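A, B, C and D are the chain letters, set down in written order, and residue numbers restart from 1 in every chain.
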Amino acid sequence: MSSDGETSTTVSKGRLEAFSDGVFAIAITLLVLTIAQPSNYSKLTRQLLERWPSLAAYVVSFLVLGIMWLNHHTIFAHVQRVDHGFFYRNLLLLMTVAFIPYPTEVFGEALRTGAGERTAAVFYSIVMTINGLAWSALWLHASTGRRLLNDELPEEQRRSSTVLFVAGSGVYLVSIGIAFINPYVCLAFHGALALYYAFDPISRRLEHNRSA
Amino acid sequence: MSSDGETSTTVSKGRLEAFSDGVFAIAITLLVLTIAQPSNYSKLTRQLLERWPSLAAYVVSFLVLGIMWLNHHTIFAHVQRVDHGFFYRNLLLLMTVAFIPYPTEVFGEALRTGAGERTAAVFYSIVMTINGLAWSALWLHASTGRRLLNDELPEEQRRSSTVLFVAGSGVYLVSIGIAFINPYVCLAFHGALALYYAFDPISRRLEHNRSA
Amino acid sequence: MSSDGETSTTVSKGRLEAFSDGVFAIAITLLVLTIAQPSNYSKLTRQLLERWPSLAAYVVSFLVLGIMWLNHHTIFAHVQRVDHGFFYRNLLLLMTVAFIPYPTEVFGEALRTGAGERTAAVFYSIVMTINGLAWSALWLHASTGRRLLNDELPEEQRRSSTVLFVAGSGVYLVSIGIAFINPYVCLAFHGALALYYAFDPISRRLEHNRSA
Amino acid sequence: MSSDGETSTTVSKGRLEAFSDGVFAIAITLLVLTIAQPSNYSKLTRQLLERWPSLAAYVVSFLVLGIMWLNHHTIFAHVQRVDHGFFYRNLLLLMTVAFIPYPTEVFGEALRTGAGERTAAVFYSIVMTINGLAWSALWLHASTGRRLLNDELPEEQRRSSTVLFVAGSGVYLVSIGIAFINPYVCLAFHGALALYYAFDPISRRLEHNRSA
């Protein structure tokens, strides 16, 4: 195997990384299409102000996707090579990532029109939960028995990262519950989660260790 | 010719690969636009549930495109350089790849609205068949007489890969027949085909050989 | 100046190339959105067949953009470095490239609905003519006095390439005339032009020379 | 730290650059979707001519985004490494960049339909002002105390660049005032600003110095 992890029989890590980056960049930029254009320009000021929930959903999903990209980057930095199992789990992850603009639009529109808000919040939270499960599946495949990891990640942190990844899916389950109570709180909760992950499980711990 | 396969008179393999990756990544991410937004938010739960065929078509086409990307990657890994004939066949292939969101939307919408399902299934299958022919054309151009291949692919496997590529187009022809019988079975058949190709012709054989 | 043409005061050739590739890849993949979705699924077969002009416009514009990408690649292969003048001419070129999906949709829709076909053909041809002028501007800036060229392009071919680039804009002017006569012939003419450029001015000549 | 600025605990500069480039390239190419398709093809000539404000807004936003990309490139060329604070400020910047197609469409449509023009111009200018603030935040984080800068940027120019970046936000504030007076002048003002930035604060000064 060559140093960049590419052979003719396995997937090239570099090219898979670039492909994944492309999907993240496109999905995050397509989010702008989720904000409905004004339908009546003679009441433009009012119509733009009424679209604040769509704007809020845009901001939250943009943060979520941006931080997911960073997380993806961190996982790849700890992975020495990729195999077919990793490729398919990554493909499933990308499938949920590329899907996010859809529930984002539904959520924003539901809050704006004042109908179906609860359903929209539950739908958004379910998509995020499935996304969280895909992250866990990717990480567990790569890290179990250090199958694909390189030497940079200490064993102790591998375990704590696993706990945090699995716990993440659990927190998303909580967001489904919140969605039933109050859709606005649910949106804020997802924004807060994104900010929490801003200090992402793996790299936060590593940086702490290094500076210790 | 320089080591990265780029000269001033031929197409750069690396840049063509990156361009192709871009088209694959964009096409796969645009698939989310094929799922129609709800038209009535006061019946949101029901409207989202009714969209399951669009979601199923999204999942199938996402898998298909993801695995095509992997196949593309594998072909490029076995190719030493690219020429103009390869470029144009690759362009035709990308033309069918970038087109896939269109029949995907038609298929999902037809199943959802319960009208034109058979036509939509036949249309989807015809597009896939043409796509399969484009794959065969690309592979045959690269592999006939080992025109563009590097040394890593054993001669015996070149032949078996050719058989599998051509057979692939035949299987897609079968999907047209299935489309006439039952559109839902046809969609499932395409999903199953994607999973079959997950163990793609070339690399599957190579991995088998290497581990032998 | 470093060997990859990047300094802190000039634009990096590599990054400009990647950015341009991105715009080409996105524009070519967005073309699929120019084909109108069926409006009545109970007459799906007929509606799909009626969309053949949109499909034809898709194919022509896809070929045009694909071959433009190749041309862009060839120009960059002959350029040693990029300066601000080159950057802005390239930006103008990309502005016309990214615009192509719009006249493509207008052309296809006009032919399908049988209204405004002549206007649509003229519009499409005008956009292509402006695009041709942008190519000339880019090439003339790079090649005049060999301002940005590397040593690989013989002087004699620099001159003939310039003639061909400028002549290209003239041919697009002819397409405007054809548009007034017959819109269908005009679309076919653009397709034929794309195939002609398939054997693009620069690399065709170079390959001829090398094999001589 | 390795020579390409990538470690397992910090964000890779190269990958962040590629991700940002992707967002810029997609946002700039999505601009074409902001021009409304003709609604009546039997009056196509008139409908296309009436869309000149949308085309003007397309051109202005395309120039703005293209020159922003160049500015982004210049900042990254002066940055030695990226940290989490830089990543998040860059993410906020990309959030405003990816948003630009929305106010562009609103602006063009308002001018075309002759309703809500003032609101649309103010909205566009506010978005640009927020974008300007994001640029200042990114630059100040990187340059204060030379936190992330490499050695190529002289101290004197760091200060003048900072002045120009902050002044830029102020100029955008002026555009909000102009929007209240005349929306058309406001659009032209943004176009002129883009051309001004074409000779961007940092590299213009550097080139001046070098040639001195």
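In the analysis below, a contact is a pair of C-beta atoms (placed from the backbone, for glycine too) under 8 Å apart; a residue touches a chain by one contact, two chains touch by 3 or more.
Computed from a predicted model, the values in this text were never measured in an experiment.
**Student:** Validating interface symmetry: for the copies chain B and chain C, is the fraction of residue numbers used by both over half? Same or different.
**Tutor:** Different residues, largely: of all residue numbers at this interface, under half are found in both copies.
**Student:** Can you give the rotation angle that fits chain A onto its twin chain B by Cα atoms, in degrees and rounded to the nearest 5?
**Tutor:** Going from chain A to chain B via C-alpha fit gives 90 degrees.
**Student:** Round to the nearest whole Å and give the separation of the Cα centres of chain A and chain D.
**Tutor:** Chain centroid spacing, chain A to chain D, equals 26 Å.
**Student:** Please tell me the distance, in whole Å, between the geometric centres of chain B and chain D computed from their C-alpha atoms.
**Tutor:** Distance between chain centres, rounded to whole Å: 36 Å.
**Student:** Touching at least two other chains at once: which residues of chain B meet that condition?
**Tutor:** 18, 22, 26, 30, 33
**Student:** Please list, in label order, each pair of chains that touches.
**Tutor:** Contacting pairs: A-B, A-D, B-C, C-D.
**Student:** Quick one: in the complex, what on chain B touches chain A?
**Tutor:** Those in contact with chain A are residues 17-18, 21-22, 24-26, 28-33, 35, 37-38, 41-45, 48, 58-59, 62-63, 66-67, 69-70, 73-74, 77-78, 152-153, 198-199, 203, 206-207, 210.
**Student:** Name, in rising order, each residue of chain A that touches chain B in their complex.
**Tutor:** For this pair, the touching residues of chain A are 6, 8-12, 15, 18-19, 22-23, 26-27, 30, 33, 84, 87-88, 91, 94-95, 98-99, 101-102, 105-106, 109-110, 113, 115-116, 119-120, 123.
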